[in-house]
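Common to both upcoming complexes is chain A, partnered first by chain B, then by chain C.
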Partner chain A sequence: MASAAIEPTIDESAIDKVEQTIENTFVQKVVRWVFSAAGITICLTILIAIVASIHKGPYILVNTIITGGMWALMAIGLSLLFSVMNIAGFAHGEYFMAGSLTAYFVMQPIGKYTLDHPESFITYVGPLIAILAGTFMCAILGVITERLVFKQLRIRNREGWLLNCFLITIGLSVIMQNGHQLIFGADFKGILAYWDFPSVPILGVYISMDRVCAFFIAALTMVGFYMFMMFSTAGKTIRAVSQDEEGARMVGISVDAVHIMTFALSCGLAGLAGASLLFMFPSYPTVGVMPLYNSWFIIILVGFGNVAGSIPGGFMIALFQVLTRSYFGEGWEAVIPVLLISLILIFKPSGIFATKVRTVWDQ
Partner chain B sequence: MLLEIKSLDSGYGFLQVLWDISLSVDEGEFVALIGPNGAGKSTTLKTISGLLPPQGGEILFAGDSIGGMEGHLVCRKGVAFISEELNLFVNMTVKENLEMGAFTVEDSAKQKENLEFVYELFPRLYERENQYAGTLSGGERKMMAIGRGIMSSPRLMLVDEPSLGLAPMLTNEVFKSLRTLNKRGTTILLVEQNVGKTLKTSSRAYILEKGKIVLDGKSADLANDDHVRKIYLGH
Partner chain C sequence: MASEHEYYVQKKGIAKFLDYLCLTPLGAIGFLILIIVPLFPPFNQDYLLRWFILAAIMGAGSMAFDFSAGYIAVVNFGFAAFVGLGAYTSAITAVRWGIPLPVAMLCGALASALLGLFTGAISLRMRGMFAICLTWFIGIALMGLAIKMVWLTRGMLGLQVPYFFPSDVSNLYYWYPVLGLSLMTWFILKRIARSHMGLAFKAIGQNMDAAKTSGINPTRYRIINFTVSCALAGWVGAFYAHFIGILTPDFLHTAKTVEFLVIAYIGGRGTLWGGFAVAFPFIWFTEMLRSNFDYLPGINLLIYGLILIVIMIFYAGGMAQFFQYLVDKYKDNPTVRWLTT
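Up next is the complex of A and B:
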């Protein structure tokens, strides 16, 4: 009898305790995240962006968000290449260039057609076709590079892989830049606008339709990429290979196929960024150098092989450049990020997000 | 014969580890491969599973030659390899790891059935379903690796030192699960250093020393063999 009276009270307190621990762990998780290096930096970035926007005007926030998305796309591709295949890609800017070049050549006839038929639906869809063409062209180029260069190196020599790949990508970059100059010439090949519509006012700033579209393309791609990596079988195999190549082979994943897929994705993303930004960066041989540096800044900032971290990293670097441009003047935006990167490499070489991802290199 | 190895040579580059190894495993058997450190036990399993190309000899699986075939194709044939270092996907959850294990199984009903069987065999994994594999304890990782192997419904399972670094109680549990698996019809080739327990569990055994097979026979006979008793069992 006595035990029956005691039991309910024990149960209740136990339930309370369970509820408390669940609440605690969630709150604790948030608090721990906010006070981690990543949390502090992200919160600080948002804070700085808001303060600067109030001080200098909302264009800072708007510019950051629009360019940040594209740099993030580039960095995601680069990061993926590093975490899956351990390739430090210094030819990534050239895929950006190839993407913009393809988009330019596809956009030429479309632009002519829409001049004659301004009411046709091509006005809306045409630019998308050009951007998609740039993306697919680069994906194909990436696969060709993998088959012709990196696969051959893999078969023949696995020693000093990281350094060899670094040198090879620099060579590739030189070849592609000069190839562009040889075939298409060194002049600027650009367009005035993709979507020739009046600018849209956002927070009192007039933003061209192209920039708005570029932002939405970047955002949709990032969401799509995340979904692909987390929920599709193909994405899971890429993650599996990046975490344990041998293990992936043991469960029957063809590592070769994953490498092709990684290269296609990574180069395709660079091509997408290049094609979507054609209205800002006309295509010429060395157009990819600046985006390449930006994506390397991002990767160093967030830590090697941290694919998800590239997204906040992209916005941080973009904010940093917008800020230096508006507070120190044009030209400084290349100097101050380099200073920041040097400081990070000295004091926190694993990046602010201190990645726990084990790449093939560490194994 | 499910697995037949004929005068296999294997090794790493210039370093030859296995010399003229011949062994065979019949369907449904539980065969052990025992020997001291550095005898080439793990190398044998790696060569069978296609992670290491053989330097000579023949490997036949269910009548087909699989020597020199790439690892992922060997897996598709029905060979699951549970390596010593386990090779888990540490940044994926337990469930995702198991799902990756069933990568070669196309039938989703079969996948589900395998998953249920793994959870039944290792209830601990079910409890930790959504935990990252990297946060599991040593014993749980072993279960995870074996579970991942089961997910591909293999005909032959190669298990490399499941008792390594485990407490005796957990070792018993792992051995018990291997026996359950064997009873369910999976053929097992087990590599072990824990000779006493292995000879009690397996039906047949090979003894590998310095890259050569020196003895083979029924486990019960080997346990009474003078050489084995002196060197491995210590009495």
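Up next is the complex of A and C:
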């Protein structure tokens, strides 16, 4: 009797698991990834980018990489906001606008100074100061919004949070757009170039210094953001709150501080994108609508609340937009994406990089 | 005001008839005032009547908007595009095929309903956020199409639309049809909201998981609700087209959606009548702002945004909540009770 009880039962699933872990060599991982939805899309994107660049000229690749990085920054901020605080940020484009506006006003005296002193070091550092000013301005604006609006809502009413926040961000967006129009006017406020140097030849194409710098700024920010989220204490607390707010509060994380930090980060990233793209998108009241549209497109494409997926998503969307514009002409870039979105929603509503950890979110 | 007792109180005489129309005696009185007010000065001037009519159109539109936003908690963020699709369809069918305008209006409603059905079938399986995004994208796409398809819509130049009545008649000719249209919209929406289906809508809006547990198929009911809302949007838009006489793609802009949304939410979500009641003072107020502060462009939109945020944070029920508060305060008074049930 006793021996029968002790007799070890063979757990088939455990053996399968062991076999699976043994099979997980690097090559097999890569092969499996390539044939997953994410792998297929990324490989297809790269392939299409290369084919289109050969067909239409390398400017497609260059434009994709430069704007894609910035859209990815926007989408990272938006995605962070969504996964940590469950706020659908429809005012995010307005932080883009605020960033570009600040950069414009900071750049005015710097531009004057560098005209008089072309040899001074300000020529190199000045634009960076403008971009940083835009970033910090937006971070501060974000904190103010959080304190003045979302904190108040959180204190008073947590029912139907997602919908209420969505409506509030619409209100914010309307206020900021029309505030810009009232105070600064509706005309285009742009600059010709940040770094007024000769263009750099890459792959036989001449690329302006600004674009090269914009790409490096985006790349550095993404790496910095990844490091921050993965290794710093602050980043870890943000991730903890995004997974379980109550749990985070129980282990002594100040959720309030995390909310402020998230808002500052996400709005700062939008401001950074706006400030760095000032040479492409001059600041005017509704400049943020297109970036906002793109970032929501990215979020639907990669799945809600997937922060890391926003980076490849940004490049995909940028490529998609550049392709629509060069093959269908100006004006169709608002129409074609709807077809793609419909296809995604029909066949893969959780996005192509569906996350395993789902944050709690109601309707 | 639709209170919970409404279904159980036995009604007699005129109250019974009004109840069939889904009107409380107070609502009926308000409606009668709206019927006679434009006959007396100072409201019988043409430009005042014009904002009366525009306000009624906005009010009817915000009722249709509130039907999906208030009942099933799905915000149609491309609502103006659905209204505009109805308007364009009605105008184009009337011009191209020469069909009578009421039939053309039905065509407009049908077009919006079909687009609503398509949108709903794709996005309403998932959480409400997907519907918001998809309707927003569709709104922007429709506006892009209206700009690009110059051969059909004449793009930014604006499409000439046949009027209901000869252009030299008083606006009073439009006032009674628009009142009828609003009453019709109210009647349809309220009848649905009172039926078993309306109960299912409310259940889904309050707690979808609980509704699922009770055996309600949320997707099906949400699609029905959304389609009805879009159809009425198209129908209101078609009327707007034949009243205003010229259609531009700007009418499909998200800013217009925000206008409907603000009116519906100030009025009170989930009440239907709130938006219609608020539309009149609201449109008047913003027209005042626009005409008196023309050196401050966009001031009216700025105030929309502020009001929306303040309402969302401090008084989520809007004007209807305040009204309910007053009714509850005086509920022992038999006249008040008769008027409001």
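The rule is short, and it goes like this: the second predicted complex is superposed on the first by the 335 of 363 C-alpha atoms of A that agree within 3 Å, B and C clash if a C-alpha of one lies under 4 Å from a C-alpha of the other, contacts with A are read in each partner's own complex, and residues count from 1 in each chain.
Here is the rule we go by: a contact is a pair of C-beta atoms (placed from the backbone, for glycine too) under 8 Å apart; a residue touches a chain by one contact, two chains touch by 3 or more.
Only a predicted model underlies this, so the values are computations on that prediction, with no experimental measurement involved.
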{"item": "Simultaneous placement of chain C and chain B on chain A, clash or fit", "value": "fit"}
{"item": "Which superposed partner A:V251 touches (first chain B, second chain C, both, neither)", "value": "first"}
{"item": "Chain B versus chain C as contact partner of A:S342, first or second or both or neither", "value": "second"}
{"item": "Partner touching more residues of chain A, whether chain B or chain C", "value": "C"}
{"item": "First, second, both or neither for A:Q243, with chain B first and chain C second", "value": "first"}
{"item": "Which of chain B and chain C A:N164 touches, first, second, both or neither", "value": "second"}
{"item": "Nearest-approach distance, in Å, of chain C Cα atoms to those of chain B in the combined model", "value": "18"}
{"item": "Chain B/chain C common contact set on chain A", "value": "none"}
{"item": "Residues on chain A engaged by chain B in the complex (per definition of touch)", "value": "233, 236-237, 239-240, 243-244, 246-255, 356-358"}
{"item": "Chain C contact footprint on chain A (complex, rising order)", "value": "88, 149, 152-153, 156-157, 160, 162-164, 166-168, 170-175, 177-179, 181-182, 186, 285, 293, 296-297, 300, 304, 331-332, 334-335, 337-338, 341-342, 345-346, 349, 361-363"}
{"item": "Contact footprint of chain A on chain C as seen in their complex", "value": "73, 75, 122-123, 125-130, 132-134, 136-138, 140-141, 143-145, 147-148, 208, 255, 258, 261, 265, 296-299, 301-302, 304-309, 312-314, 316"}
{"item": "Of chain B, residues touching chain A in the complex", "value": "49-51, 70-72, 75-76, 80-81, 83, 86-92, 96, 99-101, 103-104, 134, 148, 151-152"}
